[in-house]
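Down below is the structure, laid out as structure tokens.
All chains are identified by letter, namely A, B, C and D, in their written order; residue positions are counted from 1 within each chain.
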Amino acid sequence: RNKGRLLVKCPDQPGIVSAISLYLGEHDANIIESNQYTTDPENGIFFLRMEFECPNLQEKRKKLEKQFLEVAYKFSMEWEINFLYDVKKAAIFVSKELHCLRELLLEWQSGDLMTDVVLVVSNHEECREIVESFNIPFYYIPANKDIRKEVEAKQLQLLKDYEVDLIVLARYMQILTPEFVRAHQAQIINIHHSFLPAFVGANPHKRAFERGVKLIGATAHYVTNDLDEGPIIEQDIIRVDHRDTVEDLKKKGRSVERSVLARGVKWAIEDRLIVHENKTIVL
Amino acid sequence: RNKGRLLVKCPDQPGIVSAISLYLGEHDANIIESNQYTTDPENGIFFLRMEFECPNLQEKRKKLEKQFLEVAYKFSMEWEINFLYDVKKAAIFVSKELHCLRELLLEWQSGDLMTDVVLVVSNHEECREIVESFNIPFYYIPANKDIRKEVEAKQLQLLKDYEVDLIVLARYMQILTPEFVRAHQAQIINIHHSFLPAFVGANPHKRAFERGVKLIGATAHYVTNDLDEGPIIEQDIIRVDHRDTVEDLKKKGRSVERSVLARGVKWAIEDRLIVHENKTIVL
Amino acid sequence: RNKGRLLVKCPDQPGIVSAISLYLGEHDANIIESNQYTTDPENGIFFLRMEFECPNLQEKRKKLEKQFLEVAYKFSMEWEINFLYDVKKAAIFVSKELHCLRELLLEWQSGDLMTDVVLVVSNHEECREIVESFNIPFYYIPANKDIRKEVEAKQLQLLKDYEVDLIVLARYMQILTPEFVRAHQAQIINIHHSFLPAFVGANPHKRAFERGVKLIGATAHYVTNDLDEGPIIEQDIIRVDHRDTVEDLKKKGRSVERSVLARGVKWAIEDRLIVHENKTIVL
Amino acid sequence: RNKGRLLVKCPDQPGIVSAISLYLGEHDANIIESNQYTTDPENGIFFLRMEFECPNLQEKRKKLEKQFLEVAYKFSMEWEINFLYDVKKAAIFVSKELHCLRELLLEWQSGDLMTDVVLVVSNHEECREIVESFNIPFYYIPANKDIRKEVEAKQLQLLKDYEVDLIVLARYMQILTPEFVRAHQAQIINIHHSFLPAFVGANPHKRAFERGVKLIGATAHYVTNDLDEGPIIEQDIIRVDHRDTVEDLKKKGRSVERSVLARGVKWAIEDRLIVHENKTIVL
């Protein structure tokens, strides 16, 4: 594929877009899609995502990256150029509830999730069969809070061995250590089974039932060291009513959890997400 | 109109439905719509809403009510029979934000809100013109927390004079006293501008903006003396994104607030709502 | 399980509900859920679905069925009593597009689809592996319009052998003969990849693209001999925009097709669907 | 206001974005929002909407327009620059159903519709009172197909006198002549009470009822001389079920018609709509 994506974050000022488009023009790159956002017309932060097509992209890669340094320097940019032939590598972490894992595997098998799912890690054996039926390596690593360090050491080694870009917590019910999280800023996506900030923490469906809400939801967010407080990527809801028991809420919740997580993961793979402070910019 | 509605709440036991349908049959009433719900098949609470048509209903009213006492006694029912020719009377309380008031007035004018809006009360003059253009009595009662008692005394007198059945707080920004609320159990509907229990309290849009949510919502609920904790009647949400400022959230929020409140009020008018503990059963 | 469901269709008249509730009371059956509908308060058709719980249901089955004959006769009812221990048996027919099949299998595996999927039939080999990984018998029956009769003879034999109650066309791209359809009235559910009646027939996504619609949809319906004209069970839509190519519409369409079909199939399994003329009553 | 909007349509080729951003930079204009779209990376048509802020815009207007001619010429652009201080003028045409008119007036009064509603035209007197209560000139022009030419002559004169930019058919039940339509290409927005292309033509709710659909919708579209076939701007749907009569569908339809039309009109006012062949690009 001759497609690339440029992501930029810098202080807003006149001339950024023309500098970038001139730069891309000089390399015969054609802009396919372009999205930008400024936090504030006055002294704001500027964000850009450009998807471009460029003949012989693979050969030009080094040159492209090198020559962008000049533009980046001039505007004090944080930036990255991603090349679509370089498919992102994802790891999925899961515990006993398998609906999110299954959704991701099906979407991936249908070709609707353009990533390499390079491994699945679980603290339970429940999903081994389904994972292996997709010919994906499965690692069973029992976990509990007493052996957290050893567990994470194994996981970190695997993530390194497989050169993982993105970690998806598809209902993985273990807390990660601050060290683990810090080493993967804006790389770990979790699905929380409520529309945050409602029902932060455990048992959201039970608490939703007790409160008598008429909607339940799900939230895909980046993991930070504040539980359920990381930047929100995507949310959605489903209607419930007084007839629904806690079990019914869980069942209905599953369908929204899996679609919300799948959408969040797709946007991450398509380089649509930029984290800014405690929010996501979705371009 | 020869239509009536029977609402029942009682301990569940065999024979309730057949006793009620026999009773209605004896009075030549035909069941048009029937909804029931039991909290639990074992020793649960049973709820029923039946809409029926009965020739010469107005003349039979007394007899119908009297003879139901026997059924009600046998099953220890809380119950009411409402007669559709007896249109419910509603009062709307509003402050400066008029979108919910306008929605209700338009729906009412279109004939989509089958109630008598008998008066509008406000602590501001902003809505006088629009209210009076609909030929509805408008009462301007300035309010603040220091004169709460006097204000409520005036309001209570008006509610009594107009024989009001339902009080709609259409963005009325004053807290009601426990006495006022206690005197109108399950009669006061408020619209809160968030999907509760997220963002309980003041300034939900500002806090939603700061948290970076991807959905904002609105909640219609019965007012109790726990702020924003009363039984939820209806909720809905609307998508927002990183581009939306606090002002944009308010603007988007308005459209969902007004439709959620209008739906909640309609259900109340149609006798679809039964409060049970801190929840609503919507039949 | 001691649960049963009673489905009734008959001319509306006073006394039906009380007769049925008396009958259930006599057998110590407790009504758990009850839904009814009348097409018209005057001389309409009455529909009822009652879910009940009854101790020792299995032993009482014969007696229950026999004694209902009297009630049924009195009110000229079409009726059935279904017993939940008698799980419905479903066959899935599929061609090359597997997203709907996968959704059904996953829901079934999660326990969210309370049926026995007893076989999968396809005119292609693509899905053999996935079906067999779920330990479900797979039958490959090549098909085209010249050999329709022979193909259907094989299929009919399988449906008989497996005692199938429900046939789900999960993107099965072959037309069924009138004989086949007639033999399975209100037993064959198809998913059409548009919000019918828009884009009846082939290539709905291409035509949706050409028309420039802003929503695409999917429709689950019972199969009759009028192509795409059978009673609609469920529909839903998803937003699209000018950026979406025909391929994008297909991709987005998949997610709505699979959820609409899954919902329709669930309602069929839960005995919620009654066909009346060319419509479905969903109770 | 120092804000302007540039709309461009031209054959795609490298260098367009950089030429435009250089041009804006030279006039000290800061890009606030930018959206673009290309029908095809190879020889496609390029569309752009840029919102910019520019000090002393009003004084620079002539110069800005003149100097853009050079850029426009180089890339064979169709283009326009709109200045936000130059508020668009809208006329609303309506017949007897007033819900869409009311929605637009309320949104306009809340400041959520940034246009001047300069007149309302109706072939009925029903809405005179409400229109005049908003202090908007109301013109009653009785209409039927026999006097179409005279009616349109009067209307055209009014549109000219009031310098109208946008005509909104808010349930105006008269057909316009080809001459009228031709004179207002991409200037007339109609609301159709179905999700087109389903139920083109008259009585969509009756036909939806007969077909037994589970969703009804509404479509805002530009008017062309092919009835209900013009470019679609926006669509939305609402759930219905077997209980809904034709009257219920009309009632439910109203709420979706008014919100769809309001959204479509807002996009037109914000210069977000570009018509291309028989589609709208919404930027």
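Observations, loosely collected:
Operating definition for what follows: a contact is a pair of C-beta atoms (placed from the backbone, for glycine too) under 8 Å apart; a residue touches a chain by one contact, two chains touch by 3 or more.
Just so we're clear, the structure is a prediction, and the values are computed from it rather than from any experiment.
Of all chains, the one whose CA centroid is most distant from that of chain C is D. Counting C-beta pairs in contact across C-D and across B-D gives the higher total for C-D. Taking the mean of the C-alpha atoms as each chain's centre, chain B and chain D sit 37 Å apart. Put simply, the C-alpha centre of chain C and that of chain D have 42 angstrom between them. Counting only residues that touch two or more partner chains, chain B has none.
Taken together, the chain B residues at the contact with chain D in this complex read 98-99, 102-103, 106, 109-110, 112, 130, 133, 251, 254-255, 259. Those residues of chain A that touch chain D in the complex are listed here as 12, 14-15, 17-18, 21-22, 25, 28, 30-36, 38, 41, 53. On the chain C side of its complex with chain D, the touching residues are 37, 195-199, 211-215, 217, 231-237, 241-243, 278-282.
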